[in-house]
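Presented sequentially are two complexes of chain A, the first with chain B as partner and the second with chain C.
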Partner chain A sequence: MISNAFSYHTPETLEEALAMLEDGGGKILAGGMSLIPLMKLRLASPESVVDLRRIPGLKAITEEGGAVRIGAMATHHEIEISPVIRGKCPLLGEAASAIGDIQVRNMGTIGGSVAHADPAADYPAALVALEARIRLRSANGERTVEASEFFVDAFTTAMEAGEIVVAIEVKEEEASEGFKYEKVAHPASGFPVVGVAVRVKKSGAGIAMARIGVTGMGPHAFRARNAEALLEGGAGAAAAAAVVGEGEETNSDLYASGEYRRHLARVHAGRAIAAALTRAL
Partner chain B sequence: MATTITKPETLFGKRVRRQEDPRLITGTALYLDDLKMPGMHHACVVRSPHAAAKIRGIDTSAARALPGVAAIFTGADVTGLGAVPCAASIPGLRVPHHHLLAQDRVYYVGHPVAVVVGTDRYIARDAAELVEVDYEPTAAVADPEKALAAGAPAVHPEWPDNVAFNFHQEGGDTEEAFRQADVVVRQRITSQRLIPTSIETRGVIAEWRAGERSLTLHSSTQIPHLLRTLVAGILGMPENLLRVITPEVGGGFGSKLNVYAEEALMAYIAMKINKPVKWVESRRENFQATIHGRGHVDYFELAALRDGTILGLKLKLIQDLGAYHQLLTPVIPTLSVLMMPGLYRFKNVNADVVGVFTNCVPTDAYRGAGRPEATHGIERMVDMLAQELKMDPAEIRLKNFVHADEFPYGTATGLTYDSGDYAKPLHKAMAEAGYEQLRREQAAARAEGRLVGIGLSTYGEICALGPSIALPAGGWESATVKVEPSGKVTVLTGASPHGQGEETTFAQIVADELGVPMDDVLVVHGDTAVVQYGIGTFGSRGTAVGGSALYYALQDLKAKMKKFGAMMLGTEQVNFSGGYCVDEATGKSVTFAEMAVAAYHAKKLPANTEPGLVATHFWEPPNFTFPFGAHLVVTEVDRETGAIEIKRYVCVDDIGRIINPLIVDGQVHGGVAQGLGQALWEQAVYDESGQLVSGELTDYALPRASRMPWIESSHTETPSPVNPLGVKGVGEAGTIGCSPAVVNSVVDALSPLGVRHIDMPLTPEKIWKLIEGARA
Partner chain C sequence: MKQTLTLTINGKSYSDEVEPRLLLIHYLREVAGLTGPHIGCETSICGACTVMLDGMAVKSCTMFAVQAEGRSVLTIEGLAQNGKLDPLQEAFWNEHALQCGFCTPGMIMTARQLLADNPSPSEQEIRHGLEGNLCRCTGYQHIVNAVKAVAKAGGA
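Right after this comes the complex of A and B.
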């Protein structure tokens, strides 16, 4: 890596880290899977890099009273294999296991991923479908933001200057729920061209609850509330999938146009709903 | 002493593990960037961000002021040096003077404008950003067909039509063939620009020894000797004071079969600053400034009788050359034209090639180099003809193949195919795939509305480049074999293998010929101060030409050893076998090591025999070799998304005799991977303004291990009569056979929708739009 010169800090407490970020010239380093390539290409040239790796307690994945708390520095691989995640919010584990390759999953962290807010990251689809909350810490204290409010635009979140993601909080999925994360991987980057996360709860022949999160299609992940409502109203999977992404902005690149991305979001929403229904009790 | 000697098992044909792998796998091999010299400085190249611009001025003052910056060089410093060489000799070829650094204009994004040298690579990079180049952007053209249109921006102002050359080739009477035809199929077929993407990028270290006035150039290259000759020419220095060393080379695929400006620049800079200087290309530079491959727009017309007999072929070939000629840039499309008839008997061909300048990095040889384009064209056209005539694609091929009893076969393009039995691999592939059953399954799938395709390609290629008459700097190869006094054997090969495994295959040949253990054989390559002159490794020539040179050197050496053996045994009649010389009459023998000692200690010499055991042979091949084969691919297309799944990949490659099936498997697998890359994923894309949009590995989709189908690879073996080993070459076969088989398969899958042709890469969106279009 032939980056610009920068100073490198390894705070041992969150307070120390927050103090280091006060002057605004610093950038937080979590797993480095996005920041390092950007610095290598000199698309990011921070004056200082504040590495969170030595701060204790930021990696823990715990469960208490029906809520799962995932430390921001938990790696994708730790999330993928965590018994707590597998047992309580398996949708998130499924999304984690779809990220990049094993090397990336060993280094990359959930906190880094959500703070970076790549429009084609895998997690956001699952996080909005799980109605997760992002816990932020600043010198002024802590606050939480709903995932669906957190991802504002491409590489833009609801975070304010001086805030650090410390945890992701997820209400546990009910055991009777079915879930599925479907992804079309970009052949070069491995990021989702589109990724669709679905949760469903059956009620007799109908669907009592549906949550659909979509990533990759547009500038930020979103909940397909129109499709959720159709499913819950008994319209059927095909009708629901057909409205996914309606009215949402789309991204395009060399590989896939916006029109095709929207189409893929619908096809894979349909497939994910079908798969989730077969898993629902 | 009497010894019972059993003939040892030969290693020719054995799956011997590669000698080079332990060091490669354990990370102990040394690549260019692993090398460090005392006092070494680092260079960073300032490159044009514009596809076309005038340079109004360059201000290096801020860069020079940065502590640690040792020197900065711009175009003005190198005006008097020689040009980046092009070895092509096409009549009327327009050759722009390719200065080492841009002079008053830049012609493509990535064009080198200045070099900054610092005490470390961070300083060099920081300083490079401080070099202020005042550009006046001008109109650019990145598409070869647009470059030919009237009023297009001129890449080189002196040649406003953007035409670098026209090349015509014909055989037979094509007009008459087309008059007799019952059917003519026509299609525009593109072969997109590809980025070779060796995992190790290019890199150079130059070391100047002022006292000796000698220069050592370490470069990740496929052609150390040619590089030496040509860089010495650029710098005007005596060739024998320049030494080129190739460390381990992490892939080339043709992209390092070249002489690049940076190689000459580093040599020049090392002399100027009197310090060793290193330059290692970044991935972005590799994409922008190392040659690309392919870049064809081809207009094919194929004429045939109603019974499927092909009569003739017309081709208008537009080659995107880029802004300059690199070493072989204009030659590549002429190779396509040579191989245009493929495996078929028709004798009437007519081809017009136009080489077009564009504001892009030059194209040049990339795995297959001209043959994949030709094969893709003819194999697509034959399929289209079959579709038109409602014939089975296998049947139409079998009908038109050159017959097994017609070899050596003279083609319409003037080549002589050495040996072949083209129906054999096709029959074998069909048998292994269960062709009839597959067609039944396809019919059943279609009845269910599924899109299942079966695609064939039967390819021929030209290998073992080649007779010297056909190559600019000679097409022979050299080998020296030295039996050391201890009996160990050292081979110096002029071929410069860089991943092809010749350290192993050559040791197998030596072990068989001399009867020594393979482990006693060291194969040395890639150092011009150690190895006699050589041509290099490209065009699937390393073993077919370099191995043959080795074979003949071994015969010379054996003859000399027999003289020593006979002398030591006191007889005239000896056999040399299994590492011994044996007196047939008495059964007495001397060992290999005893003969080696006798030859070096030289206490007594056979008549008319010099001491020592060294033999060198420069071998000139009498012809190319022509491998062939059949690839059969089964695909299924997802009707909703356009995604393609490869269900079966069966390939039968006839590459002549096989020395090491394990290495051949690796070559076939790697070749097929790169063929799939072109067919399905890879494309170098320049936008209208000449910016390289696919500029990083996040956009440019290489074949990944996780996306590979299972490759069912097997062989038929038709020995080549051209060389003593009977081998033909395998480096490029997989790539050449692959892409048309994949495209033919997907077109077959979509044929119920009326689809006739799809250009590569077959991205899902492209397929989806075809499906949607058919529905509309």
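Right after this comes the complex of A and C.
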């Protein structure tokens, strides 16, 4: 046995799950790809683990009125192969395919990933570029938070105690848009040292809309609004990429310094913009 | 506190009293006595512990046994039927896709899902599909060849 002891629960409804979390000693288990490693290191030692896998409907990926709703328990693999995602928000599918390896994608969930808010997770770059909304449920009801406001700091989100991520909502990408998720994978862990997600919409020779999300560079994913504005204002990809990460805080470790990460973000933003433009109609 | 765990492994039903913190790999090896799935890194990197859970490859070192309640697990021991090796096992043998053999049980389980999802993968797709399994002997080339051979012969 590696982790501390805990009691294990599999509630059948969200209400039941919320009630189990009320005393504050419980942790939610979705796919376990972040929580279980933390528990094995005893960095997390919850008294109880509340596994959401038996709650019906939390896995569904559906499409309605120009928006795609992805249930929090949808796995990365379900997202990468979903025809709805491929057709309506392919950027998210591309980011999902880039996560870890197939065994991790079979277990890990989008809800678990966003709630954990690893500063080097792949999804957040795509979610901020897609202007996704995170839907949260608590005993007081439901609310939604914009992705760009959800990721507050490393492993810190806008969630309150007693809230559960129930879905991610994304507006459909227009069919004429180009998109690209580019990452520099850490050679050992596969996590992005830096990941950049780009969406662009052309208008004649110019760019009518640009969205750029960056993950891994700093303590949380962010939108490179300065670079987006340059692209929309007629600047070239190189000029826009050169300002990505300006004024943003950076993370630094033995593998990559903060300045190197900022450099990588710019190089890969340039490549992602170029690739997205070739896909745009 | 222990709780009852009931699941199916390789088509056979098992029921045991386990602590929730018992990892699936430890349950398989120490309780069920199936030592085919190996413990390599025990940190969800190396893939030696890979088994199939309801037809999907998972790393059993990063899963609690209780998460498999009511589900179906397939380990390397469940592949050969009546003494006849499964096509992937046969191909790993024919193509010299192993040297020490430590990674092989996990490698084969992941390759199984790879071929189920994509019956005629390109070399690049095979390498991408096996990213979660590390081999320190072969340099991977013969493993890729073995998966290709199974695909060419019509699947696992």
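The rule is short, and it goes like this: the second predicted complex is superposed on the first by the 280 of 281 C-alpha atoms of A that agree within 3 Å, B and C clash if a C-alpha of one lies under 4 Å from a C-alpha of the other, contacts with A are read in each partner's own complex, and residues count from 1 in each chain.
Keep this in mind: a contact is a pair of C-beta atoms (placed from the backbone, for glycine too) under 8 Å apart; a residue touches a chain by one contact, two chains touch by 3 or more.
Since this is a predicted model, take the numbers as computed values, not measurements.
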{"item": "Which superposed partner A:N4 touches (first chain B, second chain C, both, neither)", "value": "both"}
{"item": "First, second, both or neither for A:M33, with chain B first and chain C second", "value": "second"}
{"item": "Which superposed partner A:M107 touches (first chain B, second chain C, both, neither)", "value": "second"}
{"item": "Chain B versus chain C as contact partner of A:V49, first or second or both or neither", "value": "second"}
{"item": "Superposed model, chain A: greater residue contact from chain B or chain C", "value": "C"}
{"item": "Chain B versus chain C as contact partner of A:A229, first or second or both or neither", "value": "neither"}
{"item": "First (chain B), second (chain C), both or neither touched by A:A238", "value": "neither"}
{"item": "First, second, both or neither for A:A139, with chain B first and chain C second", "value": "neither"}
{"item": "Chain B and chain C footprints on chain A, overlapping residues", "value": "2-5, 188-189"}
{"item": "Residue numbers on chain C that touch chain A, as the complex places them", "value": "1, 3, 19-23, 26, 42-45, 47, 50, 53, 56-59, 62-64, 66-67, 69, 110, 113-114, 117, 129, 131-133"}
{"item": "Residues of chain A touching chain B in the complex", "value": "2-5, 41-42, 184, 186-189, 253-257, 260, 263-264, 267"}
{"item": "Parts of chain B lying in touch with chain A, wherever the complex brings them together", "value": "121-122, 125-126, 129, 282, 284, 640-641, 643, 680-681, 683, 685, 693-694, 696-702, 704, 707, 763-765, 768"}
{"item": "Sites on chain A touched by chain C in the complex", "value": "1-8, 10, 29, 32-33, 36-37, 39-40, 49, 51, 53, 77, 81, 100-104, 106-107, 188-190"}
